[in-house]
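Here the chain labels run A, B, C and D in written order, and each chain numbers its own residues starting at 1.
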Amino acid sequence: MSAWTLDQVAQHNSPDSCWVIIQNNVYDVTDFLPEHPGGAKIILKYAGRDATAAYVPIHPPDALDKNLPIGKHLGPLSAEASQILTSNQKNRKKTKDELRVEEAAQKKPPLARILSLRDMEVVARQTLSSKARAYYTSASDDEITHSENARAFSRFFFNTRVMRPVARCDPSTRILGFGSSIPVFVSGAALAKLGHPDGEANITRGASQTGIIQMVSSNASLSYSEIMAASAPSQTLFFQLYKHANDSIAEQRVREVVDLGYKAIFLTVDAIVAGNRERDIRNPWELEDEEKGIPTYWSGGDAPEQEADGMGTAGALIANDDRDMTWEKTIPWLRSLTKLPIVIKGIQCVEDAVLAAEAGVDGILLSNHGGRQLEYSLPPLEILYKLRLKRPDVFDKVEVYIDGGINRGTDVIKALCLGATAVGLGRPFLYAQSAYGTAGVVKIVEILRREIVTAMRLLGASTIDDLRPEMVNASAS
Amino acid sequence: MSAWTLDQVAQHNSPDSCWVIIQNNVYDVTDFLPEHPGGAKIILKYAGRDATAAYVPIHPPDALDKNLPIGKHLGPLSAEASQILTSNQKNRKKTKDELRVEEAAQKKPPLARILSLRDMEVVARQTLSSKARAYYTSASDDEITHSENARAFSRFFFNTRVMRPVARCDPSTRILGFGSSIPVFVSGAALAKLGHPDGEANITRGASQTGIIQMVSSNASLSYSEIMAASAPSQTLFFQLYKHANDSIAEQRVREVVDLGYKAIFLTVDAIVAGNRERDIRNPWELEDEEKGIPTYWSGGDAPEQEADGMGTAGALIANDDRDMTWEKTIPWLRSLTKLPIVIKGIQCVEDAVLAAEAGVDGILLSNHGGRQLEYSLPPLEILYKLRLKRPDVFDKVEVYIDGGINRGTDVIKALCLGATAVGLGRPFLYAQSAYGTAGVVKIVEILRREIVTAMRLLGASTIDDLRPEMVNASAS
Amino acid sequence: MSAWTLDQVAQHNSPDSCWVIIQNNVYDVTDFLPEHPGGAKIILKYAGRDATAAYVPIHPPDALDKNLPIGKHLGPLSAEASQILTSNQKNRKKTKDELRVEEAAQKKPPLARILSLRDMEVVARQTLSSKARAYYTSASDDEITHSENARAFSRFFFNTRVMRPVARCDPSTRILGFGSSIPVFVSGAALAKLGHPDGEANITRGASQTGIIQMVSSNASLSYSEIMAASAPSQTLFFQLYKHANDSIAEQRVREVVDLGYKAIFLTVDAIVAGNRERDIRNPWELEDEEKGIPTYWSGGDAPEQEADGMGTAGALIANDDRDMTWEKTIPWLRSLTKLPIVIKGIQCVEDAVLAAEAGVDGILLSNHGGRQLEYSLPPLEILYKLRLKRPDVFDKVEVYIDGGINRGTDVIKALCLGATAVGLGRPFLYAQSAYGTAGVVKIVEILRREIVTAMRLLGASTIDDLRPEMVNASAS
Amino acid sequence: MSAWTLDQVAQHNSPDSCWVIIQNNVYDVTDFLPEHPGGAKIILKYAGRDATAAYVPIHPPDALDKNLPIGKHLGPLSAEASQILTSNQKNRKKTKDELRVEEAAQKKPPLARILSLRDMEVVARQTLSSKARAYYTSASDDEITHSENARAFSRFFFNTRVMRPVARCDPSTRILGFGSSIPVFVSGAALAKLGHPDGEANITRGASQTGIIQMVSSNASLSYSEIMAASAPSQTLFFQLYKHANDSIAEQRVREVVDLGYKAIFLTVDAIVAGNRERDIRNPWELEDEEKGIPTYWSGGDAPEQEADGMGTAGALIANDDRDMTWEKTIPWLRSLTKLPIVIKGIQCVEDAVLAAEAGVDGILLSNHGGRQLEYSLPPLEILYKLRLKRPDVFDKVEVYIDGGINRGTDVIKALCLGATAVGLGRPFLYAQSAYGTAGVVKIVEILRREIVTAMRLLGASTIDDLRPEMVNASAS
């Protein structure tokens, strides 16, 4: 197979014959067009051309191997063609957004000045590309549930105890039997490469250094094996499973991660269709307008009429997922594939918590996907509170976790008082790795550890077991 | 009858003899002055002159035929006179407001960028004339009830269910036995020509293309027959009846729409007198000040003392309506005229919902007229909630609808969970047809359909019947 | 007695001998200094000089006759001296505040553009002198109770009834047996001359023209007889009694107003000491700084140290009032002086409402003095609601009124639904007479009448008796 | 021992041999480095140099005597060296913050214009150094509890009584048997020298002049004897004990203050570890950036990486305090040392209030350390309210006080109605002494006294005993 010239590739620029260049290799994606979860249109935009810059940050390296038959891997570009692309890329005029990001990166404060998770978010919002910021921060509709998730913590106050010995204070715990230095884990957060070239591996290394557990998303931008490779020998990784509608494709994914050594499966059930994340959908238009110097998209009078695909980045990731999962069918199917602990991620009411416990899973993660799916879903902390009130027996049958809206050590403590085994955080780790790489991830854990220990001591608790329901009041008055 | 000159008309410029020109025809309105619902003063402003520009956007074409004896139709202007008026109109200096509207129309974003009903409203507010904007957006007093209508939805959260098969999801339903593609109808919204020259017909065509039902207002700016003519053969139209104080005039209106083929009568009972819509009343003063370059009406020191008629556009429309309707008298009277389903529009408490059901009507529309009538009337969603709680039997006797404050698919779903058969929207359709004509109306339905289907799936519902009261919580905590 | 020269007067400029000129007459106030309710210091500021400009707006014309023995009325200035004062006054450089007021008065909108009580307040705030604005608008401490008074109305919503005959709608009622065109009266509001040279007479004439009742304050800036003189023959005036600590001085005041023909006595019990009205106290400093061009009083580095008297205008008015009133002593004392109906103004809890009813008075005015006295006193509407709930029998024994926070016709209706016979308004009438004289007062009543009638009709009530407790809900949800 | 030259001292500039100059004396602090509560790093910054400016405002004069063996007091600088330091200090370029403070001090309003505690705070915030402002105002995390402390007062309204004799009104009371002119004491507030060179003595003198009691902090910036020396013969001083982890060091402190004549011990139990006061920690960075002209610390791109010690000023003060206090061990230990009344400062729930009463202490101070320790600790007023509701018997066994969030006389009255014997204020006195010295402290008490007496009279209370639980409502509605 000879090497390709740019002219040769350029002739395959239509739905009838669509070739693209990715990292100096040529691929025939004609037959793949209708299967692409992100839709054919976005591929056709690069038909006959180099798609590397758009492709790399949101696809793991093994995506082509897994999804495109080997016969469609047409081989490398000629050296001359590769040189031209490299040169084009180098001489390319930077966009306004790229220039903004470069400037922000230079002004970034030293990591020692990051005192809180919110400090980290501020830096990340300034230094992220517009696309990454839109994907990371977006939530459904008017983002009510997203903000309610956090606000829910603010109605719970402490019943603070004094005169208890707390000089020695240990915040460590076990999650599904695996040790964790603090009762916090990394909840599945996808597309880390959008924020930092090392992607999810930053989180893996940071988790290793601080002794916490990472849950890796099906939609990670590194391959599952790359992430496992970045981990330390005894490090615990969990896997967040998005189940493909096709059972055998789904099975393949489960078998892969079991073989790689992931230690638990978090089956995601709250994202069977795309949430309506307008911030994410609007982002490309805003960038386009910004380049043209049009102040906001509202004034884009002469912008060409263009059809929105109405999904954004998030929609594309789950387009082929299973929308017909049931307790009766899906749990036994998964149990048949693996002996690993199974956790249901995305429980949003007491009734389903009970059903999950009855279905014999090992844990439930109360979550509304960070407010990114059903708008007006209840805040996880509220569901935890209701569950503790109405069905305390569930806590004896399964481990219960929550994620969504956690910003402070006191938030973690409140959830644990109400019965959670641990809490998950997603966005904060994406922000941290984007802004400072692995060091940022370590910093987040250090901040949380300091805040958790301080809160435990001032609350009169020296171990995680000391945190009890009677230590929280459901309001300030 | 010879054609009139402008001089001839100009001599009839007083209450004693008042002629006006409308679309190049001359009318003697002297005797009509005291009967004009909008008051004599506004007509006298044009006495002896051309009134076309003020008249056309707020009157249906058959208004003169219905209200002015044929003997007062004095015949056409002379060709020369018509030419002068046309030329005057062409050479007329545009007002600042007209120039603003023209500029805004040019900057309008492409329809594909409209992601939500609020996006549509933003465009409409920018592109509407000041008069139309004031009429469409205004509400009573301090607009508390108007904003509470929407805010009421924000206190209800979902009891979200997972692990239910929703790959197939059907949002269609039936309203009074007529099919509707989604559980949404167009609630009576008048004076569409203020926003777009095609007026209500935009909505009719958009409803046809998307399979929803339009309720046509007694105060439409097109005639009832023009709107029916714009509809597709099998399309369902309902009629919103404002009952004239004079029973025989009212009867005439009912018989007309029954004959035209309207399929149900929505008797409006919450607008027997004009609500206090200050935004609407203030509008002409503000326009006047704007033309003079006076920043706000407060600084209008040298503005001539002028008497406000204290009604605004809205008041004029209902000045002759029946203020003495009762259950005992009015329902039997209406039943005697037609076999069509009768719905009471404007029920605002549980007690009246019960009375309506006992009066044997077919449906009730819980509505406070979009916050445009009695300030501090309860939000319809709250009345729906109370009705479900206290008198669930009413839902067995009549279909229950609500309108007011609905902006998102989740709002629709909440109302249906609480027992509503369907929900009405008014302003959003006025905004949409004003900004983009028929295509805007279609867009609104597409957005709602997408939002409704997404919410149903994420909530665990695949048909309208799956939406149950236990799926909503009355607050986030 | 010869006429005085300015030099002669000027020699009496100390506490030992203190003369002042008021309207070209000379008074020896040396002995009066310790008795002056506003303190000696403010008089000494004018010792030996003309005090007219400071004196007139806040004292009724008969104040000197009532308070200074005739022997201390030293007689007129010489013609020459009077001429000099007049000339000085004319040539005096206007203060910045006076210039601002003049400019604002010229830009005042025509009265027809005033649609609501808040519109009127906006105009008044712009056109009032700084001193008047401070006195009229000020309330206690952080003005929480002042704003809660109004906010209390916003939690009550209507249980709106439809299909009731309301074409005929009559908002008239009787208060203590006296007719009133609407269920609204003017609550005691003092120092009207601060806002308009005609003072309280504007209100008297406006009340006469619109058929409502005025309650006249003990601290009116016109004499009680001047106000009575401004009234129409059959017009009803009530009297708001501030009881002097000295019973015989108090008796003199009661006998005067009974003789003048006032029809009821409203004994004020909530203002026995001055409320802490910081806005009022700060005002002179702010004016001083403004004249000097110092932006705010905080930056007044070189301002001379001066002692605040800590009372403001309000404190001065009641310095000698009775702080030892009791049910056992004060009511019988007042009953012994007059057969007029007695109303207690300033009841602020259910317990005292009961005590008042047991004490045999004719009415109670639930009031916290417009938030001007005890900060964190409950809003009158809330007390009315509690009274209706806990002691409905009180409404059978006494008429119940409220004042404070009323801005709209719907506010009036809510109070009447909960059992009030009528509601009082104070500040709105002060604002109206200040901005537009008598016509402003008439306008306020017209606005309220229109708003009340509209609300009654839309609520399904055609008479005041139709307004019932079941027509209000205690919240929107 | 000869006098030292600067060169000699400069050679001891490392952890191995660390000398510092304080007020022209030389100290060898090498061995003390690991014991310094504020950490070694801050001392090493001045190793071999003059540390006076940093040392003096936050250490009492006897700190060196108490903490550094006499052998390490190396003796005075040479006269020449002292002269050089003095000259250096004089010629030193002032920082931007110092210049700001100087300018603000010149613009300070006269004390007579301070009407409220908030007025005082505004002046203090403007005139304090950035460091002092950060230390005084900072609170934990997001400062929620700090603001809730104050907000808690705003939900309690008065059940105002009228017609009660209040001409005579006495706000005086007794605290632990000691007379107090009003039911207010100075709650332990440390580091007063940061705000004013006279430090805590300003408060002592002001308390004496106004007849209230001062509680002196273990962390005062004057020595306990200096403060006692500033007091009047019969003046009452209480002592706020921070217990050292080493019992014998703690005992030494207790014996010192008992011998000095302090009248009660307030054992502080809510500050065993440092609260997370970000404002305080951030302060030095912000100052550094300000000097460099960098607008905010976020843009500090080229700022050198530096390690935060994560404690701020507050953390340093308590680094060696006892974190293992218990009811069983600590109270008997303290009782064995002194017969003085013991009060527990920092009770934050009903359960601990009961335990304290059972432990036989004399009083409890409900306090969350002004929101400076555990974020989301309940507001003291709420705990007082719960205690009154659930365990009224506790009030019979111990005196109960609260501090935190008190700004007005009405706040004091609310606490007393609910059962508090008196209330403590901390920050207001720090602000007052910083801005105006002793006169500022006197002013604060005068304001509170006036506000308390006014509120008592308007509420119908003439003595402290008249303030009863039934006089407060737990909300406005």
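Rule of thumb we're sticking to: contacts are C-beta pairs under 8 Å (C-beta built on N, C-alpha and C of every residue); 3 or more make two chains touch, one makes a residue touch a chain.
Quick caveat: nothing in here was measured; it's all calculated off a predicted structure.
Of all residue numbers that take part in the contact between chain A and chain D, under half occur on both sides, making this a different-residue interface.
Between chain A and chain C the centroid-to-centroid distance comes to 64 Å (mean Cα coordinates, whole Å). Inter-chain centre distance (chain A to chain B, centres taken as mean C-alpha positions): 45 Å.
Residue numbers of chain D whose C-beta contacts span two or more other chains: none are found. Applying the touch definition to every pair of chains gives A-B, A-D, B-C, C-D.
Looking at the complex, you find that chain C touches chain B at residues 106-113, 115-116, 122-123, 126, 154, 156-167, 408, 410, 414, 450-451, 454-455, 457-459, 473, 476-477.
Note for the complex: chain B touches chain C at residues 141-142, 144, 148, 152, 155, 245, 269-270, 272-276, 278, 281-282, 285, 297-301, 303-308, 310, 323-327, 330, 344, 346-349, 351-352, 355, 368, 373-379, 382, 474.
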